[in-house]
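Written out below as structure tokens is the structure these notes cover.
Each chain carries a letter (A, B, C, D, E and F) given by its place in the written order, and its residues are counted from 1.
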Amino acid sequence: MYYNDPRLQFPVRVENPDPRFARALQQAIGGVEGEIRVCMQYFFQGWGARGPKKYRDMLLTTATEELGHIEMLATAVALNLEGAPLSLQEEVSQDAIGGAILNGVNFQQILSSGLNAMPVNSDGIPFDMSHIYASGNAAADMTANVMAESTGRVLAVRLYNMTDDPGMKEMLQFLIARDTMHQNQWLAALEDMGGFEKNFPIPNSHPQGEELQEFSYAFLGFDRDGAEPVQGRWSNGTSMDGKGTFTSRPMEPLGDEPKLAPPPPASGAQDKQMDGTSILAGLV
Amino acid sequence: MYYNDPRLQFPVRVENPDPRFARALQQAIGGVEGEIRVCMQYFFQGWGARGPKKYRDMLLTTATEELGHIEMLATAVALNLEGAPLSLQEEVSQDAIGGAILNGVNFQQILSSGLNAMPVNSDGIPFDMSHIYASGNAAADMTANVMAESTGRVLAVRLYNMTDDPGMKEMLQFLIARDTMHQNQWLAALEDMGGFEKNFPIPNSHPQGEELQEFSYAFLGFDRDGAEPVQGRWSNGTSMDGKGTFTSRPMEPLGDEPKLAPPPPASGAQDKQMDGTSILAGLV
Amino acid sequence: MYYNDPRLQFPVRVENPDPRFARALQQAIGGVEGEIRVCMQYFFQGWGARGPKKYRDMLLTTATEELGHIEMLATAVALNLEGAPLSLQEEVSQDAIGGAILNGVNFQQILSSGLNAMPVNSDGIPFDMSHIYASGNAAADMTANVMAESTGRVLAVRLYNMTDDPGMKEMLQFLIARDTMHQNQWLAALEDMGGFEKNFPIPNSHPQGEELQEFSYAFLGFDRDGAEPVQGRWSNGTSMDGKGTFTSRPMEPLGDEPKLAPPPPASGAQDKQMDGTSILAGLV
Amino acid sequence: MYYNDPRLQFPVRVENPDPRFARALQQAIGGVEGEIRVCMQYFFQGWGARGPKKYRDMLLTTATEELGHIEMLATAVALNLEGAPLSLQEEVSQDAIGGAILNGVNFQQILSSGLNAMPVNSDGIPFDMSHIYASGNAAADMTANVMAESTGRVLAVRLYNMTDDPGMKEMLQFLIARDTMHQNQWLAALEDMGGFEKNFPIPNSHPQGEELQEFSYAFLGFDRDGAEPVQGRWSNGTSMDGKGTFTSRPMEPLGDEPKLAPPPPASGAQDKQMDGTSILAGLV
Amino acid sequence: MYYNDPRLQFPVRVENPDPRFARALQQAIGGVEGEIRVCMQYFFQGWGARGPKKYRDMLLTTATEELGHIEMLATAVALNLEGAPLSLQEEVSQDAIGGAILNGVNFQQILSSGLNAMPVNSDGIPFDMSHIYASGNAAADMTANVMAESTGRVLAVRLYNMTDDPGMKEMLQFLIARDTMHQNQWLAALEDMGGFEKNFPIPNSHPQGEELQEFSYAFLGFDRDGAEPVQGRWSNGTSMDGKGTFTSRPMEPLGDEPKLAPPPPASGAQDKQMDGTSILAGLV
Amino acid sequence: MYYNDPRLQFPVRVENPDPRFARALQQAIGGVEGEIRVCMQYFFQGWGARGPKKYRDMLLTTATEELGHIEMLATAVALNLEGAPLSLQEEVSQDAIGGAILNGVNFQQILSSGLNAMPVNSDGIPFDMSHIYASGNAAADMTANVMAESTGRVLAVRLYNMTDDPGMKEMLQFLIARDTMHQNQWLAALEDMGGFEKNFPIPNSHPQGEELQEFSYAFLGFDRDGAEPVQGRWSNGTSMDGKGTFTSRPMEPLGDEPKLAPPPPASGAQDKQMDGTSILAGLV
């Protein structure tokens, strides 16, 4: 169950509103690297956490924090839209220096939201929840979270570099720092669960003896000329999970050409597909 | 540029076709954990790789392998659909033992694909390319790849446990092994790029001095009662990137309640929203 | 900013887990009538509320409640999935009485979520945020909220009728009651803003003198035979906003056939589309 | 069954074509507030209308009108795109006064539609039919229609304010007037069905005695500090459906922390999640 | 502008309602092969038709017919859902002969639509308007229409084979016949525009002298072993547009490996990507 | 199985990078007319090809070629983005001549991809796989392929006309030529399968005697006034499949008004919908 406080986690102020930066900030709200994603991902992982209780607690704690980050960014978008042009006939829409600002505004923020944030990315595309990764495997979820915070911090840094508004830079300094923590936090959770060697390959509950181990640590090449594939840490030495030794080799097909049965008569195919004679005739 | 060989990377055979397993296998083709995702993700990361050439080569090599995995799974789906019921009046549709098989079949595989694989998941939902993570940051991309292969192997294990068809189990043994390799491979690439300490926090090109470092390694609590947040590896000791020390504390709001300007007259809001008097009157 | 309490707003218990009811409950989480929708809709309306502060407070208060409802339903889904069949070879998958349960299970809940709730509807379709209506017009938003709670309560009643599990019925009794309140709450907010007559037509900030008032209260008929359109409250008496009188009449076209210019030469059209002669020749 | 007349319901003319206004108008075609939505929503509600025939007739009548509105807007988009720049090297693409027009054009209208309307919104996002609300409950559907026309008129007013082209303003005057009527029409239909008190809470076919009535008219607070929630019409007096009395109070959790079973062995989770010992060890 | 008649274009009757056939029929409403698609495609092509008026007239005529087909199918779905099980505790949900019918029902049709048709496909996935092809090139549009009617008739035949309800078979006989006509109609329109030779390659307004004609009629092989590609009508003889002669040959790369510049400093990449030394070091 | 060569199929060079052309080129990657579509469509058609082997071989051959075209275009996008503005404060963002370039850039290419191609269209909308048509009917698939290459070549011509960069024009000359071939190739495949008369109407495996032949070759009119529909090749002469004779006539409804049963009591409808008396009362 959840509670709210009308105040913000961190101050949000905008000195020079720019509706184009409002458009850019939307990526941090509704983009796949954005805050709705981490918020909802941690909530769903937490609500479905089966196993040690402390991971549930940690997930819900940080999910709750992220909800406040969406709020901060939504506030930042609303403030950047104050004073935005509303029509093609306004002066700013005719502005020669800097181009017509209106050209760079997301029209949905005028037409659909009335100068407010929307749960969409910088192109106005609504966030869709297929990006919420909650696999039921705690270690896989942690890798999803490391990824989410990595792309999230990359995005926050790009936004930081995109503006010189002091208020916006300060807010982003805070969000970048939180992403630093959260990257470390999910890596620490993997460590807490036993570290990379105990958890990889994910899932660790599958007996490795059942997999085709000849292919478990081999870097396979698909160069047309049959050349040895490009070498690196991935082709030599102990595997990262400590359970094998990397090798490499070019790959050849091990299977035959697939042979599918002709379609059954009631399946709506063309007669030539169903006709044995045609099939023979069709062979090169 | 690419070339093909009509044979399969690994043999695909189905002893007892089951159209419901065809439905399940679709998750490994068009699900977010599936092979289209890794294939296209590695291709786009490779095509846009800026920096050391060897990462581009490795990415395109493995992308090319994954294309062959989609092919294997598409073949497996097609074979599992051979003999599937096509109508409500067939005997198998009336099968008391095991329930009416038709109830468990994805109708799109009858109606839309003519008993073939589709680029959709087990619920028939088409894969959408927003799941292709190619951030332009090589380390963030590697975390995305570790995640993709982790959820991918979890899925392959679940499919392996779902069937007892010997041909399908053998194919999945191979795919599970490849996922083992690929999890290790992307972790190895991170190692090759300097390891966790050199690469985290991602991006490592942002000067950490500019972020609000007070919050960079603090696990913040949001317990309603102001309790200390749940403890773990994430709240004590050296941070995973080796650049800080974990602390923890309950969080209080640092910002005020946000104050948004009333909407401008031409913005299509209600008059009560724009009317200063109303706003005052509206205050509790 | 937000806080959490690890306990639930209302008890959630399941006496007889049924994975098919888990599938049905997903509609109340990720369906367009579901709780993610109302939660996020009220948050975005609140975060962007321009005008009297009390509406912002009310919106964020109820948004926070709804977050706890998603949590309750996610818990209910997880509990209904305990004991679900995981494979085609299990006994329950061969169950003659009641049909094969597995046929009615959403495979994604086995393959993707590991027996947990997902932010998807009963067909496994992820919720997408285009359903978050936050228009920047407070009255329009209230109508959106009345609608959301109306379809939400219809859904909750249907789920209530679909099960006879005592725990599930009790949880739904609570949620149905909350939907009763919330329908009344948003109607009350409209009342608080001045009532229907003051707020309609929405937006009330547009001077009605500028619209083509001849058509503002006329129910127009499009019966092929030119018949008078079907009569009802909408065709007679004072309009619901009290600002006009309903009339009705059959409609005739007031505009001509549109004439579009031929496509310009560089526009990639067929030559016949661009050729004046052809156009003349093309006339019947 | 349907018939057409090649003429338009209302004249559409454009004096000064502006491809950026074409982009804006797309919101009224394929946006969630747009005409495809109301057209298809009324059709599906009408085709599935169970109950009094007059509602079916009214729904199909107005659906048929809305189809003509899409046509008008599509014509308006096509006319606004005449003369649009087709390339980066054209003069207008280099226009200093007013900015490069091309920057503000939706490229899809050049590349995909050949200077015509598309069933997309102002960001080029295709309309998706999940926005068609046809719940099978006539009163819930009417609230959906009020909402659709409310956001629709807000949008039309914003478009009206965005342009000073006399032809476009005239067309929008007509559409705004029709939205006035349609808002009133759906409210009148609710009145015709018995009015708010008879229809709310929706659905009115559920015996209210079965819901948990203690929570049916209570405005619950979730302020972290346990404060009384914000007061208004929603916290005092008779409820809007006339069936209860509004109260308010802060909310406390009534349920316990949820306890989910550990995942079963074949479910692809990590071993630490399944291991009782680990779970104990994992407890704080 | 449009008109309606409350009667159906063709009688729709269902003798033995089957909710699973209702699910199947949804593919013909909201599937990509369905009637919403052709209806909306012909409308948008017609509304944007630039060039000879008769094509506009024909497109709008047939679009109007297709609207009546959606109506027929929506009626068929509603009738097939009459008597459908509404709960897990009903007898039919426990039906051993034929399996539990409920397992095969689309739950959305119970929970979201109240036993009515929805604008979704057989998996409950909403139709999205990106499938409306209206390219602005009349010949390309005709090929899109031939395709739509071809997949549409394949679907109708599959539905016809799926049921033995006499009413449903009769309705489908009609729809199949109309698809026969419409396939012929769009081919006839291409003929009317000058036939294949005059119209292909589409667009015919691009001077072929500007394309790289060496590759305009060559079937290229990508066999890994450099073999001659598979022969057929496509590799020999006059091309189908009559403007060239088919040839075939294996393909070799004509371009070099691409060289992308390192990312700029402010772009949020990893330092190793930006470091010239690293790049050199990174070369194999 | 597949192989790669690090070189490109055709040289890609950009003399004057323009980030707005990068945005336009995205349509050819991730638009519905783009290369991902044809690549994946031919792969899925090939992997599921039931019938003569040569069609499978041809489909996989050309699918493999198309993969290389995505690669070429991705390279072109990356090169056009080199030097793009990264922030609002840069000089180019203030450029008066030509407008602020930044206004015309897709922000996702700065924020999400780090100056690289994405699998999205020119509006940043991700490609979704519902556009992969692989119907299981070989002739229907060929019509889908003709359509894909027709809209594809229209798009390529429009891009060719949009730029005057010599490198880009040369690359597009090549792609336009390949589209010429591929249009011819799929038409040739239809010819190879027996030609139009043998294959139409698609599917040709349905006995035409079962369809309602009275409607198989009739162009039906829906003019409100009952006028004869517009005449053309489609209303006179032998049908294009050679199996009938075109006729035309105005259409009248053949079915009655549909009568749906009232909703059952547990279905969550309003009581007025379920009440027989109300229904009678509701009749006009």
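We take it that contacts are C-beta pairs under 8 Å (C-beta built on N, C-alpha and C of every residue); 3 or more make two chains touch, one makes a residue touch a chain.
Predicted, not measured: the structure shown is a model, and the values here were computed from it.
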Chains touching both chain B and chain F, listed by label:
A, C, D, E
Quick check: more C-beta contact pairs in C-F or A-C?
A-C
Using the average of all C-alpha atoms in each chain as its centre, how far is it in Å between chain A and chain B?
8
Taking each chain's centre as its mean C-alpha position, how far apart are chain A and chain F in Å?
27
Do you know which chain B residues sit against two or more other chains?
1-9, 32-33, 47-48, 50, 54, 57, 61, 64-65, 68, 75, 78, 86-87, 96, 98-101, 103-104, 110, 112, 114-115, 123, 125-126, 128, 130, 135-137, 139, 154-155, 157-158, 161, 202-203, 205-206, 222-224, 230-231, 251, 253, 255, 258, 260-261, 263, 266-269, 284
Across the complex, what residues on chain F touch chain A?
1-5, 47-55, 57, 86-89, 93-96, 98-104, 106-108, 110-112, 114, 123-126, 136-139, 193-194, 199, 202-206
Chain F contacts chain C in the complex at 154-155, 157-158, 161, 224, 230-231, 266-268, 284
Can you check the complex and tell me which residues of chain B touch chain C?
18, 20-21, 23-24, 27, 31-33, 96-101, 103-104, 121-123, 125, 154-155, 158-159, 161-164, 222-225, 251, 253, 255, 258, 260-263, 265, 267-274, 278-279, 281-284
Partner chain D, residues of chain E touching it in the complex
1-9, 30, 36, 40, 43-44, 47-48, 50, 56-57, 60-61, 63-65, 67-68, 70-71, 74-75, 78, 112-120, 126-130, 132, 134-137
Residue positions on chain B within touch of chain A in the complex are 3, 5-12, 32-33, 54, 57-58, 61, 64-65, 68, 72, 75, 78-79, 82, 86-87, 110, 114-115, 125, 128, 130-131, 133, 135-137, 139-140, 143-144, 146-147, 150-151, 153-154, 157, 160, 170, 173-174, 176-181, 183-185, 187-189, 191-192, 196, 200-203, 205-206, 208, 210-224, 229-234, 239-241, 244, 246, 251, 253-258, 260-261, 263-264, 266-269
